[in-house]
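Pasting in a structure now, in structure tokens, and then I'll have a few things to ask.
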């Protein structure tokens, strides 16, 4: 069966600065992949390129067997890929509920509705009419995930959802992961918290200065292998 | 030990050419006719106005669509001083500068509360207020305006030819002084700050540059120069009215087009732009409002596809500078080694 | 009583100024763009109405049925084709391009229609008036215009805060990048905002054409009135814009009463005074 997502040797640039060098990655249906690496390794760049916010200069990206290389972000969403951006980035002028509603703007059919998001994250329901900035960091992260789920994606990209959050909050969020992927949603999570990443994912990619330094099943990777790949020693 | 040098190979050529041009132009009254002299004086005035606007918008980031406020102010100061107080016209022109600067201080205090495009419209409102106030001053002709009395005109020089020569040399001198002042400003520490503001205002501020103080000073200095040029322009026209003095088309639209087409943010831009503008005007004179329409279209096209203007494109491609404004550090050891 | 009458007239024309301002304010709110050609587009709408009323023999208010969609389409095309290219961090391109546009529209209209002053006739409704209180008369047309202005502003509020399109506007204004992740094509969203702005401009233009004489050169003054109303009322607030328009209208009316030549000046002076004393306006929601 073809992979859900195939990223083939992409190069990505910010102006003249090259951020990704020939990065390849693949995700099967229903799989959870973790992408780890030091700051500046290119993890966010990789997600942004898959989501269509950036175009790769070389290489191609196939989703469900069809090319999405260079497809603009607003089209990529309707194909079935949703991104939870780094830093949450809820819309400050919108309430919690409006943020969720706008997540469903692309009207893709699927199991996720506002009611289900509120079931998943009850504290959002309690705060639904508050402006987004009034929420705590953890609540904002849940809202951002809910907003992305409203697009009923096949593939969810999560960019550093643990960033800036207390460990207990992070654990609460990750505790919902099984419910999120219950219907077969695939996930790519970019994480600074390596232990969390290894617990959640079945396969891990490690990026180092824009290149894939390591990739393998989570349970086969040792501390030493990861350190070596992470720091490039 | 090290020092800062400003010249580059191309700027040496540029300075030489400009010096030569100045000599030729200085003696223009002796080799050209009356019409050409008037045209040249008009060109100088636009070069000066555009250079001042360029300093304001291209370097200090203050886009004004209301500089006609100071052009008209200068004109009315000239007429007021000459007609009401019997001041010699040339002295009046020189006084118009400081008066323009003084008026600019409270104006700036008000409109600096606005940012970006709202600031621009604010400058327009100020110009409108000046225009409306001028229409209320009946002793200077109110809404229909006034002509410069013969007595005042004759006070400048006995013969018409001599007066034309005087106005021409005055125009040339004022323009050279204005440009010279701009070059000196840009070569100074403040000029370095301005160039930094032009390139990246936020970065300039975080490097300790007092951005607002510099913008304020530039606004006031620009008003100074613009008022003087305005006085000169209306001395040449011999007649003033609120609509001509504060005309958006004449003193802002044309100036903006000149600077955009020539190249914003570079000192040579307005000079190139003025030449292009006047060539186009000669070529398209009969087209009336179509001419303005085309200028608008050209400005849009240039702004979107060649935002650095004609000179900007040339300078970037060839690395030219007509005037010594670059800064590079020369180390003494280097200099010795070259001997 | 006479002063009451004057203030009343000022309030009613304030509604028209608020409409000038509403389109300006909308665009600034959604994409931080100030359209210098705004006033000239109002005049363009007046001329479009002129053409429609002459060609189809209808009255100006009926012509709105055609003028509004025509202007909306022009707005969409203008944004998508030209103004979207000017958006970005640099201040100069949108300012200079819309300035160039202003010059083009003014001179284009001059070429097509000459500088002759025009006026649209609305028929009997122009002279109808009723006595509100003893000695106080209100014209039916000015009252109708004011009512429609209030309705337009209320409509815009509802649209912005209670519809999906309004959500899209606010989200795109907050964060265009993340808005794309929601499936919003920002080029389209901006163009819709401009189309909406021009629809409001169309209504304002037709009202202007019925109320006063117009010619190609009066655009900039309308821009200035709209701008002053926005600043007086406070950036980002639609109802503030209505208040700003009313304050401006009343100032002008009082000024005109003191001396006819002081009408415009009075408005500008009140604007400058408010800028000096309370630069954020009376009901600000966002900072400039």
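Order of writing sets the chain letters: A, B and C. Residues in each chain are counted from 1.
Assume a contact is a pair of C-beta atoms (placed from the backbone, for glycine too) under 8 Å apart; a residue touches a chain by one contact, two chains touch by 3 or more.
These numbers were taken from a predicted model, which means no experiment stands behind them.
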item	value
Chain located farthest away, centre of chain C as origin (C-alpha)	A
Identifier of the chain whose CA centre is least distant from the whole-structure CA centre	C
Distance between the centres, which are taken as Cα means, of chain C and chain B, whole angstrom	34
Between chain A and chain B, centroid-to-centroid distance (C-alpha), Å	55
Between chain A and chain C, centroid-to-centroid distance (C-alpha), Å	44
Chain C contact footprint on chain A (complex, rising order)	51-53, 72-74, 77-78, 82-83, 85, 89, 91-94, 98, 101-103, 105-106, 147-148, 151
Chain B contact footprint on chain C (complex, rising order)	33-34, 36, 82, 85-86, 91-97, 99-104, 106-108, 110-111, 220-221, 223-224, 227-228, 231, 261, 264-265, 268-269, 271-272, 275-276, 279, 288
Complex interface listing, chain B residues touching chain C	57, 61, 63, 65, 110-111, 113-118, 120-122, 124-125, 128-129, 132-133, 135-136, 248-249, 253, 256-257, 260, 264, 289-290, 292-293, 295-297, 299-300, 303-304, 307
List of chain C residues in touch with chain A within their complex	164, 167-168, 170-171, 173-175, 177-186
